[in-house]
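Structures incoming, each one as structure tokens.
Look for subunit A in each of the two complexes below; its partner is subunit B in the first and subunit C in the second.
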Partner chain A sequence: MKILIAIKQAIALDEDFEIRADGRDIEEDFFLPDLNEWDEYSLEEAMLIKERHADTPVEVVCVTIAPDSADEALRKCLAKGADRAIRVWDESMEGSDPVAIARALAAVAKKEAPDLFFAGVQSSDHAHGATGIAVAGFLGWAHSAVVARLDYTPGAKEVALKRELEGGLSQELRLPCPAVLTIQLGINKPRYASLRGMKLAAAKPIETLAPGDIGLATNDCGESGSLARVRRMYVPEKQRAQILAGDVAAQAKALAAIIREATGS
Partner chain B sequence: MARDPKYDILFTPVQIGPKTLRNRFYQVPHCIGAGSDKPGFQAAHRSIKAEGGWAGINTEYCSIHPESDDTHRLSARIWDKGDVHNLRAMTDHIHQFGALAGVEMWYGGAHAPCMESRATPRGPSQYASEFETLTYCREMDLSDIAMVQQYYVDAALRSRDAGFDIVYVYGAHSYLPLQFLSPYYNKRTDGYGGSFKNRARFWIETLEKVRAAVGNDCAIATRFAVDTLYGPGSVEVEEDGMRFVELADPLVDLWDVDVGDIAEWGEDAGPSRFYLQGHQVPWTRYIKQVAKKPVLGVGRYTDPEKMTEIVTKGYADIIGAARPSIADPFLPKKVEEGRVDDIRVCIGCNVCISRWEIGGPPMICTQNATAGEEYRRGWHPERFPKKGSEDSVLIVGAGPSGSECARVLMERGYTVHLYDTAEKIGGHLNSVVTLPGLGEWGYHRDYRETQIGKLVKKNKQSQVALGQKPMTAEAALTYGAEKIVIATGSSWNTDGTNCLTHDPIPGADASQPDQLTPEQVFSGKKPIGKRVVILNADTYFMAPSLAEKLASEGHEVTIVSGVHLANYMHFTLEYPNMMRRLHELHVEELGDHFCSKIEKGRLEIYNIWGDGSRRTYRGPGVFPRDANKTHRWLEFDSLILVTGRHSDDSLHRELNARQSEWEANGVKAVYLIGDAEAPRLIADATFTGHRVAREIEEANAQFPKAYKREVAIWGNPHSPGVNPEIEYES
Partner chain C sequence: MSSILVIAEHRRGELRPVSLELVAAANELRAAGEQVVVGLIGKNAHAFVAAVSKEGVDEIATVTAPVEDFDPDVSEEAVRALIAQYSPSLVLIPHSVDSYGYVAVLAAKDQLGLATDVYKIAREEGGWVATRGGYGQKVAVELDFPGRSCVCLAVRSGSYKPNEAAASPTVTAVDVPALQARSTPLDYIEVSAGGDVDITTVPFIMSVGRGLGDEANLPRFKELAEQVGATLCCSRPIADSGWLPKSRQVGQSGKTASACKLYIAMGISGAIQHLAGMKHVETIIAVNTDPQASIFNVAKYGIVGDIFEVADALEQEFS
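Right, the complex of A and B next:
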């Protein structure tokens, strides 16, 4: 039984940073990279399945579509107990949007044939919230987003889960396997890696693949394989905020006036 | 980063007489336990602040003559050439970093007991010291006045020779010049008593004489308690306070002003329990209205925002600091470099002061474990030796000791995993800070939390694992660390074990619904009844703090104490207001009483002196004193056991028992630090964590390396020309 987890080396920023000369990203010097917060939870969920069912061997495999700077994030997963780590990259993948990333992840999934595919609900840097479900689209597998509880016995043909909906609602459902699930924060309490785990992880290999190795053509990758691209990144101008007082009717009236003023209508 | 321009005013120089202070950060005189007898300690502790950016740095109070001898406490002295030689080390090292060195010339009057010199102190009138019991001074006649004033002049000349830039005539804390000024001491009817002018005469003349002697070479400062807080009949700021500043202003180059006296000098060095930073401003702000010379004031200023406000609002020109300069000798530099969040903020616990009050052992600091260790252990507060090995370290327990150990090891470049069951760094301090008035003690935790947060970002192999399951010996052994540091803290005894009987108290059992340990009070899970008895055998803050907390919440609180309640708080200067607080809250204290047994709803107490004053040998198996017949029952709804603490060291014991498995698991050493080694002051717990982190490469870092001692060497005279051999008068 196998669980494949898509992970990302996400970027945080300090107060001070500069935008790259081409205006399309932040200068790398200011990056504070770390494993995407959501991925900590999907990895933990996989580890819990692995540990709760010690009689059935469960292989936990992490995959990322990124240059070698993301090895650190993969090693963090290995240190916490993932069995294998795969990284897919070559220069042609530069500029990939979530759909292009998902295409590559789906290709890895086809090769690895897992019973479950986990991704975080979103990444803490770009927060598109698109990649996981796009993978399901490429694979045509059952899928559910924003999973907040999971019940799965390795080898079972179905997975039971609860997913968050909007407005404080949630839905309980069962999906056939293989399935793609995007995992929400708070589903569990992620573990820390021990020093032993870190030392072992440092010695483990990371399987590195090029797009060709997973059957992708050049135009499947990077900007040519993407539907979206970053044209310009900028710090939004400081805006004003205003709290509208009164009851709902009064607030609506005030809001309408603001909109009329802003749109000149 | 550069400094925030809003702090620019703090970095503008100030002219004081013939000297220039490079900025507005100034270490006022404060005791450290070095004096003139530990010149290395003195030179290193003061010059580290010069390196850290302070503009002026002073000695502690510095006696001008054997007639002002404060033994059993420890002052500096500038009595002879030997003292000049030793203090020269301080001024030289301060000058290397471009700061000015000051000396606080001190004559104590009756407050100096002269226990070493056996001299008779002189004063304006004869009075018995309210501070130092059993000490009277002799009233000076006119020739005495001239003689003592000459002591100041001679000491000023020696100070100049020792390289001091700033020479004080010290008249705060009720020392001699203020004794003349204040009618509380001065009952004279001649030209030195009575009218304001007469009472001020001694001080004015002394300033004139000192100025004439060294005023061309040194800045003349005076430290003045502008309000002694006694109300009418002593010095009040808008009366004699401002009047004296106006009168003496032409004679001084720098005013160093504060409030209060010596017997209750916690009103000056206000503990954070009772006073916020800037607490003296309501009094000292008047001085700038009359002074034409620069004024500096103290008030535990730790925040550059507040310091800027003090200067821009015109309350003072210069920020005086004692305790904040101990907690962070690099405070000015950190403001200058835009690293305000790196400041190790003084928590105002006054443990530094406690050492002087105890009698002058080396000063310690709760926040800064390197304070007092600069010379003898070679510890720099901001620089750390690079790691001596690739060993990684697991620290179990993120309290004061564990977090300090982690911080220092990380600074040294070690990979460290800091592990705790709690969700937050800080250990038991997280509970202590919820006690009335102790919120600022949390700065100890905050500093470590901030620094460790930064250090973990620099080394991704390091980690802070909070909210974890209790660490087992098995998990620790197989964790993968070469070195394991156990910092699991201590707990209050649940069975009444105490320092008086060294045994449990029959019936003491914190698992009963009506008995609680302090931890159980903090957790809030056990209901506490109306009538609370606190059974105390601890000499610091826990019993009075819990009494204050519970009485404030409406409980009727009685403290039964077998030890001097809050004794250590005399030393931290918290005692007077703590007692006032308990009095306000109608807390009853049954002192000199302890407990023989506890039953549901009542405890049997006895007077600890009830066993007869006559001691007789009565054979084996018989007490040498009479049976204590003072036992009686005292009822309670809830009983709180503040009888003693014990180390939570079971993990360490288990690991030691499995020493044969260390090697196979790659474990090279296991250390025990903080309260887990022995319950102690937070300052000492922090120190042990810091020390192990500095010395972890030693063969057995559990035990401290030897430090450099500063003691008199047999055969060497203190002053030149003195025969060091034993020689009797014949």
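Right, the complex of A and C next:
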């Protein structure tokens, strides 16, 4: 039994970041990369299935579509117990939108033939919420988004899950396997990598593939394989809060006055 | 004739309000002579006809689904059929948990233009241009869709003011024979049922977020909230950690602070999902160490500083 997990090295921006010269992205110097927060939860969910069903061998495989700067994110997953890590990239993939990334993820899934495919609901940087579910489109598999609880026994023909809706509402449902599920924050409590895990991870190989190795043509990748193109990025004019001046005592005094006025106390 | 297609969304027998915001968006974006068509998909799709019969809608297209509840395969197939019927250049869909489940599948399979969580739409000579947030909403990202004759946009709720004026559009039943659900829906669950407070009714909220750092820091904020007369609430990470019950989580997946007039956000960066539950509040005061935090975009007053120091000083003011 195998679970394939989409991994992304998500980007936070450093203070005072600058727009790239072509106006279509941010200068890489200001990137602060880290494993996407949602992916911590999808990896943990796979690890829990592996550990709870020790009688059935479960292989947990992580895959990312990114240049080698994302190896760090894959190492983190290996350190937490993933069995294998795969990275697909070449320059033709530059400019890929979520659907171009999903096409590549699906191509890896066809090769790996997992029983379940997990992805985070969204990434903490661009938050499209599209990549994982688009994989289901390319595979033709059953799918469900924003999964907040999962019951699955390796080899079962169905998964039972809870989908988190808006406004404090959830819905339980069953879905046939194989399935693509996007995993929500809070479904579990992600573990930290142990020192031993980190040592083991450092010795594990990252399998690197080019698009051609998974049957993708050049026009499947990058901008030509995408459904949208970034035309421009800019810092929007925003209304900003009035910042309360002075030292912390003065700020607290002002804050207290606002509270008293609003509450009439 | 060219058209703009709006997909209305409903759940448990009620139209979701964002549907009428999309009607307004379509009406605003339409070119002269362009039709606005609202697609209603459901076992009893007709039940929502009156609710979407608003000014600016030319036609309502109903698709009868085999299941009561949302199913991604049914929605995908139904929207595909509506696109085939009306050849819209633009399809507007609410950016919601339901649409998360099928819009990307539809767009990927049919190679339609796609952008999600869009808050601004423009029509230019070269086609549709959509604006969304990027890098944790720190930048605006403009997208275009070269070579796509049909573009699907999942639109963030609250981006357009809803159309409320009633009208009498044509109603057409569109027959889609191949609709089949793969999911088996079971029960709905109210996550916050049995919670100790109903945060939709309280007037004054003090909310703690990731900046709290450790569960051990929670009691002092409980005391401070009590001291100033606020109800203690939180953002998602605090509820996910189990430090406060889910019923106290403000945001999209939690509850909306509907009756709140004064909101103090302590150590909350302001993820879009949190803002959805509180940005309407009249007086928001945010305390955060990061001067760039998005919470300062919705707050009226801000303190750039340490929540523990501010908490200590505020306690002095109220003792």
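Note that in this section the second predicted complex is superposed on the first by the 239 of 265 C-alpha atoms of A that agree within 3 Å, B and C clash if a C-alpha of one lies under 4 Å from a C-alpha of the other, contacts with A are read in each partner's own complex, and residues count from 1 in each chain.
The rule we apply is simple: contacts are C-beta pairs under 8 Å (C-beta built on N, C-alpha and C of every residue); 3 or more make two chains touch, one makes a residue touch a chain.
All of these numbers come straight from a predicted model, not from anything done at the bench.
By the touch criterion defined above, A:Y234 lies against subunit C but remains apart from subunit B after alignment on the C-alpha atoms of chain A. In the superposed model, A:G197 makes contact with subunit B only, not with subunit C.
In the superposed model, A:P205 lies in contact with neither subunit B nor subunit C.
Taking subunit A as the reference chain, the count of touched residues is higher for C when subunit B and subunit C are set side by side.
In the superposed pair of complexes, A:E72 makes contact with subunit B only, with no contact to subunit C. In the superposed pair of complexes, A:A142 makes contact with subunit C only, with no contact to subunit B.
Touch criterion met: A:L32 reaches subunit B, while subunit C stays clear of it.
Applying the stated contact rule after C-alpha superposition, one finds that A:L173 touches subunit C and leaves subunit B untouched.
When the shared chain is aligned, no partner comes close enough to touch A:G264: not subunit B, not subunit C. On subunit A, the patch touched by subunit B and the patch touched by subunit C overlap at residues 189.
Across the complex, subunit A is touched by residues 392, 394, 415, 417, 457, 460-461, 463, 465, 467-468, 478-481 of subunit B.
Of all residues in subunit A, those touching subunit B in their complex are 32, 72, 76, 189, 192-199. Subunit C meets subunit A in the complex at residues 11, 69, 72-73, 95-98, 100-109, 111-117, 129-130, 133-136, 138-146, 148, 182-192, 203-204, 228-229, 236-237, 239-241, 246-247, 252-256, 261-262, 264, 272, 283-286, 292, 296-297, 299-306, 309-310, 312-314, 316-318.
Remark: subunit A residues 11-13, 15, 17, 19, 26, 97-99, 102-103, 121, 124-131, 133-134, 136-138, 142-146, 160, 162-176, 182, 184-186, 189, 227-236, 238-244, 248-249, 251-256, 258-259, 262-263, 265 touch subunit C in the complex.
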